[in-house]
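Chain naming follows the written order as A, B and C, and within any one chain the residues start at number 1.
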Amino acid sequence: MPKKLNSVILNVILLVMGVITVYPFIWMILSSFKQNQEIMALDQKLLPEQFTIQNYINMNERFDFMRFFFNSVIVTIVVTILVIYTSTICGFVLSKYKFRGRNLLFGFILSTMMIPWCVTIIPKYTMIQSFGWLDSYKALIIPAMFSGFGIFMMKQHISKIPDEVIEAARIDGASEFRIFHQIIFPMSKNSIASIAIFQFLWTWEDYLWPYLVINTKEKQLLAVGLKMFNGQYSTDYGALFAATAVSIVPVLIIYLFFQKQFIAGIASSAVKG
Amino acid sequence: MGAKYRKYQSKSEIILRNIVVAAMIIYFTVFLIIPIIIAFAGSFHNWNPLSGTYDFLGLENYKDVFSSGLFGTSMINTIIFSVVVIIFRVGLGLGIACALNSVLVKHKTFFRAVYYMPVVTPMVAVAFVWKFMYNPQIGTINQIFGLDVNWLMNPKTALIAVMIMTIWKDFGYAVVMYIAGLYSLPSDVMEAAKIDGATSWQTFRYITLPLLKPMTLFVVITSIISYIQAYVQILIMTEGGPGTSTYLASYIIYDEAFVKYNFGYASALSFVLFVITAVLTWMSFRVSGDEEA
Amino acid sequence: MRKRFLALTMSALMAASTITGCSGGGDKAANKDVVAPTEPFGDTIVYDPSVEVNNGEDITIELWEWGSDDLFQQIIDVYTAMHPNVTINLVNNPWEDYWTKLPLALDGENGPALFNIHNSYHENIINYLAPLDIPIEDLEADFNGVSAHVIDDKMYYIDYGMMTGSVYYNKDMWEAAGLTEEDIPKTWDELIEVAKKLTIKDGDTIIQAGLNFNDDFHQNYLLGLNYQLGENLFKEDGKTPNVNSEVMQQIMQMLVDMYHEDGIGSENFGEKSSDSFGQGQSAMVIQWGHYYNTLKTTWTNIDFGVFEIPTFTEETPYAYNRYNGESTFGINKNASAEQQAVAQDFVKYFLASDEAQVAFNIAMSTFPAKKSLATNEEILANPSMAILADHIDRYIWPGPMPATVENSLKKAGQDVFYNGVEIKTALDNAQAQIIKDMKNSSFESVESLYTYASEK
């Protein structure tokens, strides 16, 4: 009997937490179908009194939503793939090769994660400007190619792949490049999935940097569009909520698709067995 | 340390190693070290990129940082904010992950996805939604609990309100991390404990918890780093108010750098904050008694 | 993995396109049939459309702005109809971050040739501006408030419109309280009496506030009422703030008394006065001109009226209130000579064209700075402008104050209302903060250029 009671209590707690988690989303999504007047109305109702899709139309009129969306998808996928590749190969070299200064290099990479972004953003901007990369995707992609976090995760993971596996391949005469691409890479699938999810989310939401370096409207990204609703004198809440609702869809899909590998990947990277 | 060098290194190994190490060094030099050096040099100057001012000040900016009452207040706020949010994040994350790991619960995947939703939602939107919920007249929170509290304008509740929102947004991250941690626990040890007749509390206290320590460390450290840099929620929900009661250290940096364009002062603040972050991170490693990262 | 990514991307795109109904672009087609003026127009500044721009050769420039695309596109369409060889690309930016990006862009070679200016960010951009080609005397002949913008005998931008604060009241509540047009208050005492009648309480709980100034008391009261009492915001040197004077304390005390003694509102009722009025919770608010548009677009249910800001006595004050200008475009001095020439020509067209001036002033709810438009019918049809027409010359502009003046007074007010700080202490802190923040500022008050400056 107590087992059954425990089960009920446990499920109820989880459900309550779930409701608390979901409620603001429901409010936001339902509000995206309301007029601003109703969103701010004194007499609050959860369901829209006057159902309107005007916010979604406005959102599209204020900025070329589909184009922004597509730009974001491309940039995010390119950056994510590059980061996965560089993190894995750096992780491999840092964990399986021994050379002088290795720990120093790794320690440095770890410490880069702690630098507040506002310190470096202006010098970085000036630099990109002098490279002549402004208003091109080079400015978005190249400075984001390596990730301290990604390298850290991959190093933790790959150091757990037994050396024997690599040695065996070496004896078979495989070159190091082949070992990396055909053995290490496939064996890191789960960690790659977890880096993919983190990196996709970060690149997808990053706002200030793309805004600063991209000028042409046709090249702009979605996260920048989200800020357009915050005006000089007022915020267009309806359109903001509509755009947010749409913009979290891809990240959620990515997460749902890779959930299993994501969790397995974190398990193999962050916890030392 | 005394790294052991293998006697024979193949040519391809040397080539790969050199390419990768060189790429890392070039990348981190260009996109991190150089900007950091520029910013560090700037922290000794009266630096305003807009008016083109760049005058040497010596340690003036750093003196200002330490004599500024606002920085003191904001540092206390930042520490309260980080500690409370991290405790709840870890506590809720661990609790819910264990619950979800239990055989008694169905629909695990569903719950896991639900709890993760706030994590993937942009902070800007979340902060606006919560600002509505905290509204004293039309907000959901006062309506549901029948309260009459001006959450964001009362110096006693404003920071708490921002912390609650942050916990809501971030606990799902810890849940997923701990699920991953539990997933990788060696099942033979758990089985053995069961056979030895350990109660579930004993198993949790003496086996699960210690085994999860590296994960806890991971969550705590990533949290310290991100909370010390938190400012978006403050910018949208309180602008540091009422008065200056919810200023966080990063919000001052944002304000000095991008509102007042005091880049020199903002850089000095950033370096002080960086040192504090580094010390706290190092302390977390120490406390956990785990010397190696 | 790659296949999976592709599948993901496709499904995400499909999801998004069904939600948004997948319409993209198609916004520029509407304005094709613009009639280009052919005859010269203008007052002292005359624009002659028959003069070729850039020798008739094709040229493209960018115009950066925040906010309303339609408004800017409208004047661009007229201009490009006159000069088909010119293409002007409009770039819309989010308001807050515009000021971070614009100076960085102007610092390089590829910055926009033309950009919208807000004078609160004057110091961020003044170093990148090219002076206007138009003689200052001509500008002064056509526009009010020009002299305050002269810097070293050069003119970089002027105001096309003036915005200030007025009282907005809810007509239904007004009627329900048995008030008529006759009751429109002229003085603060009268306003408080009216507000008492408009306040509805259930015990101690406010149901309807007579007056609400939450969240914007600093902008609409503290930085303006000082002029009614004959005091400037800055001391004689034009640099030292004057925000902890006795007059300022008196104003802050009046605000506190309004809530705590007269009970016509509360700091915890309606957290933002502008929203609270729109929600039908507060009967009166003081708001600046832009609020007229907010009411017309967001709060369409509210039947409202506008009256001029009350004064302390029945006599004409030193000045009624502070105003702020909406500025004309800036011209980028780092742009190519050809682009700058087009930009200069565009600004001249903007200043000479009455249609453009009226359109911008109506869109922003500002009172036109162009003298010939003071009696324009379209302008006076807007009540928030009409009430200012009588003594628009009695409004004063202190110059492009750095943002810290507003922000520090906002903090001071919050300290008084929410943190229980003494009025004197709070204002002293604000004074100290402003002095500290303005240490490196080149700002100098132009209050001494005000027409009635000698009356102080």
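Please note the rule applied: a contact is a pair of C-beta atoms (placed from the backbone, for glycine too) under 8 Å apart; a residue touches a chain by one contact, two chains touch by 3 or more.
All figures in this text were calculated on a predicted structure; none of them were measured in a lab.
Looking at which of B-C and A-B shares more C-beta pairs in contact, the answer is the pair A-B.
In terms of the distance between Cα centroids, chain B is separated most widely from C.
Chain B and chain C have Cα centroids separated by 38 Å. Distance between chain centres (mean CA atoms), chain A to chain B: 16 Å. Within chain B, residues 49, 137-138, 258 each touch two or more of the remaining chains.
In chain A, the residues that touch at least two other chains are 40-42, 227, 230. The residues of chain C that reach two or more other chains are 100, 104, 107, 279, 281, listed in rising order. Those residues of chain B that touch chain C in the complex are listed here as 46, 48-53, 135-138, 148, 150, 152-155, 240-245, 258-262. Residue ranges of chain A in contact with chain B, taken from their complex: 3, 6-7, 10-11, 13-14, 17-18, 20-25, 27-28, 39-42, 44, 86, 89-90, 92-93, 97-100, 102-103, 105-120, 122-124, 126-127, 143, 145-146, 152, 170, 175-177, 180, 201, 205, 207, 223, 226-227, 230, 235, 237, 240-241, 244, 247-248, 251-252, 255-256, 259, 262-268, 270-273.
Looking at the complex, you find that chain B touches chain A at residues 1, 3-6, 10, 12-13, 15-17, 20-21, 23-25, 27-28, 30-32, 34-36, 38-39, 49, 92, 96, 99-100, 102, 104-106, 109, 111-126, 128-130, 132-133, 137-138, 140, 143, 168, 172, 176-177, 179-181, 183-184, 186, 212, 214-215, 218, 225, 228-229, 250, 253-254, 257-258, 263, 266-267, 270-271, 273-274, 277-278, 281, 293. Taken in their complex, chain C has these residues touching chain A: 1, 4-5, 8-9, 11-13, 15-17, 19-25, 27, 62, 66-67, 91-92, 94-97, 100-101, 104-105, 107-108, 110, 118, 274-275, 278-281, 290-291, 294, 298-301. Chain contact summary for the complex, chain A toward chain C: residues 36-37, 40-42, 53, 56-57, 59-67, 69-70, 73, 77, 125, 129, 134-135, 192, 208, 211-212, 215, 217, 224, 227-228, 230-234, 245-246, 249-250, 253-254, 257.
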